[in-house]
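Below you'll find a set of structures to go through.
Shared between the two complexes below is chain A, which pairs with chain B and chain C, respectively.
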Partner chain A sequence: MVQIEQIKEQLIFFLHNEIFDPSIQINADTDLLESGFDSFSLVKLLVFIEKQYSLQVPEDKLTEDTLRNVNRLSEMIYAFQEK
Partner chain B sequence: MSLKQLIRKSVQDYPGKTAIVEGDHAVTYDQLYIIITEIAMDLKSIGMGRGSLVGLRFPNSIAYVAITFAIWEIEAIVVPIGLELKKTEVGDLCHTMKLNAVIQDHGPDHEVRKKGQGFPVSYFVDHRSAVIENRYIEKDIAFIRFTSGTTGVSKGVVLSHRAICERIEAVNQTLRINADDTILWLLSMAHHFVSTILLYLAKSATIVIVNKMFAGSILDAANRMKATVLYASPFHYSLLAADTSDKMLSTVRIALSTTIELPDSVFHHFYKRFRLPVVQAYGIIEIGIVCMNTEEPARKIGSVGKLLPAYEMKVKNTDCYPGESHLCGELWFRGPGFFDAYFSPWADADKIMEDGWFDTGDIGWVDTEGYVYLFARKKDVINIAGMKVFPQEIEAVLNMHPDVEESYVYGLKDKRFGELVAADIVPKGSSESISRNRILQYCRQRLASYKIPEEIKIVEAIPKTAVTSKIVRRNRWRKE
Partner chain C sequence: MLFKKNKRINLNGMDCLLMAFDYHMRKNGFAGNLAQMVLGLPIQIRESEFADRISSLMDQFPIIHAVSKRHFFSRLPCWEINPEQPSAFPRITAYHLEEKTEENPEFKTLRKKLFNLPLQPGKGEQIRFDLVYFNKGGMEIYMTWVHALMDAHGAEYFLSMIGNPDLVKEALISESSRMAASGRVNSGSDNHPKPKTGSADDKWKKAKQSFDHIDEIALNPPVSILSKFPEKAKPLQEYTIISFSQEETKIILDLARKRCGFFNESTYFAASTMRELKQLYQKKGVASNNYVLSLPVNLRKKGTHLPVFSNQSTSLLYSFSSESLEDFDSAVRHFKEQTQRVIKTGLLDANVAVMEISKFLPTWFYIRKVRQAMKGEIASIVMANPGTMYSRLSEFIGTKVDYVRHMPAIIAPPGIGVLFYQFAGRLNITFVYTEGILSPEETNGFQLGIRTHLLNGK
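Entry: the complex of A and B
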């Protein structure tokens, strides 16, 4: 099981490298949607989560709340791992 | 008929009606027209005019629509540039197309241009050249769009004012958009405009731009604005279907999906949740929307519907694609509003089409009641949740990497997104010396994120045809 701090680090690394413009610095509290996270990015992120954590996030968990920032996203992934 | 006349008609007939809503902002038709004319005058004052090729790289907004119509107002040509494209891709596009100017939503502070009383629109213009090609004027061109980037086999589709006017009238015989409609808009305007946004404004409807992709926001906007038409991708429909609130879409008369095949499971989930059938349509940029399942969406699930009245269809080479119980063939269409030319290299449409017939390259079949079903695509394009890319474009980038001898890019079937990008790579040196991470990093700098391969396989050789040494592209069947 991957620890929550590690999930956060991995997500920040992924988002910084693959989603956002390199000029945008993100941390666990950065509001992703306000930073330009769009449906193109969502596809990329879901594929990443599926590969990295063997987890297919169900559609009903894809809400503004769970995708607000890396903290919320990591909590969701962590909770799924526990199940 | 030109496109500026279409918007003027709505301004005359419904001046005070809301044309577009974006968040807390709204503009009426006469307000929109004032913004359009102010931007048009500004663009004229800096040397743009009839036949100018103007790139537009802007997010979904009232401004996007106003600038597009301003470009048409001065009889210039709109070239949409997707926001997802990376700098090098945009650079290639500007260079290949010899764009006269590029309009963007950001730039240095001292260069900002603000027009529009009451609702100021800010934009930046990078004016590049004043050379105009005569053939754009002769053909009365309005719009040129590249499916993805300009490299590889993406040719750029050229549409005239006539073609666009004809195709929107043809589709509206069935869609029947009118001044009572409110359309909830969820897709990228850079990828969808002529058969959609333009049609809605030509028919005096109201467009509500929803820039959030989650079910809660979409449902709130639909109910608040009393939306009658929903135009979205299968991915949006699957998010909506999973919504656990008790909100309904009671005012929606039609929920449309066109970008990629709608999985049957998404249809059923959405139908169960909202008692509303998602209507599939079939359209490609060359010919417009030619099929739409408005009559029997709940009985003919999986069909893109019947041929629209304005068009003719034929199914060719029916013996070449067995494999299912139906005889499949290549879908050919003939009718109004087809494209005028390919841009790169320039080829007039009448030289490409035989007697007005266009070969879509898509494979499908028709049932006894005339409902069309898509079966597979012959063309190589990979469709990632509705975003399209030619494999050759990605191969061109991979092949430039110093460690890559050659590459082969293809679509991997994916339940959720339709397809994902995968690549086979033949390394230049030993297979140990090549790093997948370095290659991915190289791609990230040069390709929009959705085009970056999700899977890279190191292989010894890539299958080629014996005579021409062309890569053998495998048939990628679309049906599960």
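Entry: the complex of A and C
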């Protein structure tokens, strides 16, 4: 099981390299929605989560709250791993 | 100045594709592959003040009056800039009308004229401005450009720069840092970022994947809406705009979330559009077992509208069987499945690879390849959702902007396009179509149908 701190690091690395412009500073608290995250970013993120953690996140778990920042996303992924 | 040392600027793959379609449309009598935006202001800005602002941008970004050419040996398309030679472009033309209402025939005629007025990129006319003043107050600024020059996001930033000069610096830094990073500042080479497509061999493999996808869709091609009435279509385009109130927009976005999941408004828009398109075909008596949707995807890294002068997008083709559009949930499911597949199989990268190699293909070859594969049609309909407009567009030369509209020309065929975008908390839809293929009743019916689907989630 991947630890929550490691999930955070991996997500920040992915978002920084694959999704956001280099001018956007991404840390665990950055508001992703305010920073320009869009629907295609979401599909890419879900595919990343599926490949990296072998997890399929149910649609109803994707909300404004769980996608707010890396902290919330990591908590969601970590909780799913435990199940 | 940024581009003065460069004599030539290369186009990226998507720019080249859009230029190919421009050629194709002109050949068929249309004004070309152009795009247009309009800014509605409550006050009137003097023509001379506007001209001063454009003049200063011409010095900083001479690409806006560059001449479209081809390199002598490679035949690659490029923009050629001669900083020493004065340019007659961009043109700024003022019009004076009594009032801005749909009932004013003068206004309707002018709008249609401006939408179908060609540009002369071969002479350096990449962009044009038309200022429409209303005697009863307010004005509209029309910006029309050759689509190969910039996409909707770049255009939003450029229009913002005219009204907010503090944005110029950011754009200049962005352009120059990209050019410096490529180490080609003085060579006049491609100033666009390269997509991550790997080695040359890898690029061709990926391009083949993209062409295979087109061939797969071509196994079940759409029937052209023009097939029954080819003689009625004219090489002119018309548009109408549906604008939702802030309350209606909220209802629509809430419904989109409920029916399609968080952040899936494009799915909701696509399902509504495709369901109504099927209705339209049925009303016209055109039988089609399949419908093909062309959807541009923004390839910019998120959080920026830069670079300005470049098309940072690719188009994805979605196929819907007639049965899959029988109910809303089925249409949603088919759209989502295809989107997931695009990301999982790397089709997005494959499409970028096609754009890269398409630079080296003669225009006619690429057009023929696409059109042969689709048996004469590229798609049944084009849909785009550039999302919420650039926030700095809400103010222009110190004045609050009333509204902003996008009016892209639609590549014909298919000849029908639907563009969704949001400004000041309001959802707008621009519906573009080739004149003659739809009657006024059909146009109204189509718009009303989409509106009903969106507001009711079915």
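Everything below uses one rule, namely that the second predicted complex is superposed on the first by the 83 of 83 C-alpha atoms of A that agree within 3 Å, B and C clash if a C-alpha of one lies under 4 Å from a C-alpha of the other, contacts with A are read in each partner's own complex, and residues count from 1 in each chain.
Here, contacts are C-beta pairs under 8 Å (C-beta built on N, C-alpha and C of every residue); 3 or more make two chains touch, one makes a residue touch a chain.
Small disclaimer: the values here were computed from a predicted structure and weren't measured.
In the superposed model, A:43 makes contact with both chain B and chain C. Judged by the touch definition given at the top, the superposed model places A:35 against chain C, while chain B stays out of reach. Legend: residue contacts after superposition of the two complexes on their common chain; A:62 is shown touching both chain B and chain C. Shared-chain residue A:23: touches chain C; no touch with chain B.
Overlap of the chain B and chain C contact sets on chain A: residues 19, 38-44, 47, 59-60, 62-64, 67. Those residues of chain A that touch chain B in the shared complex are 17-19, 33, 38-44, 46-47, 51, 56, 58-60, 62-64, 67. If you check the complex, the residues on chain B that touch chain A are 84, 212-217, 233, 235-236, 238-239, 241-244, 384-385, 387, 416-417, 420, 441, 444, 448-450, 452, 454. Put simply, chain A touches chain C in their complex at residues 19-24, 35-44, 47, 59-60, 62-64, 67. For chain C in complex with chain A, the residues that touch the partner chain are 261-267, 297-298, 300-304, 306, 339-340, 343-344, 387.
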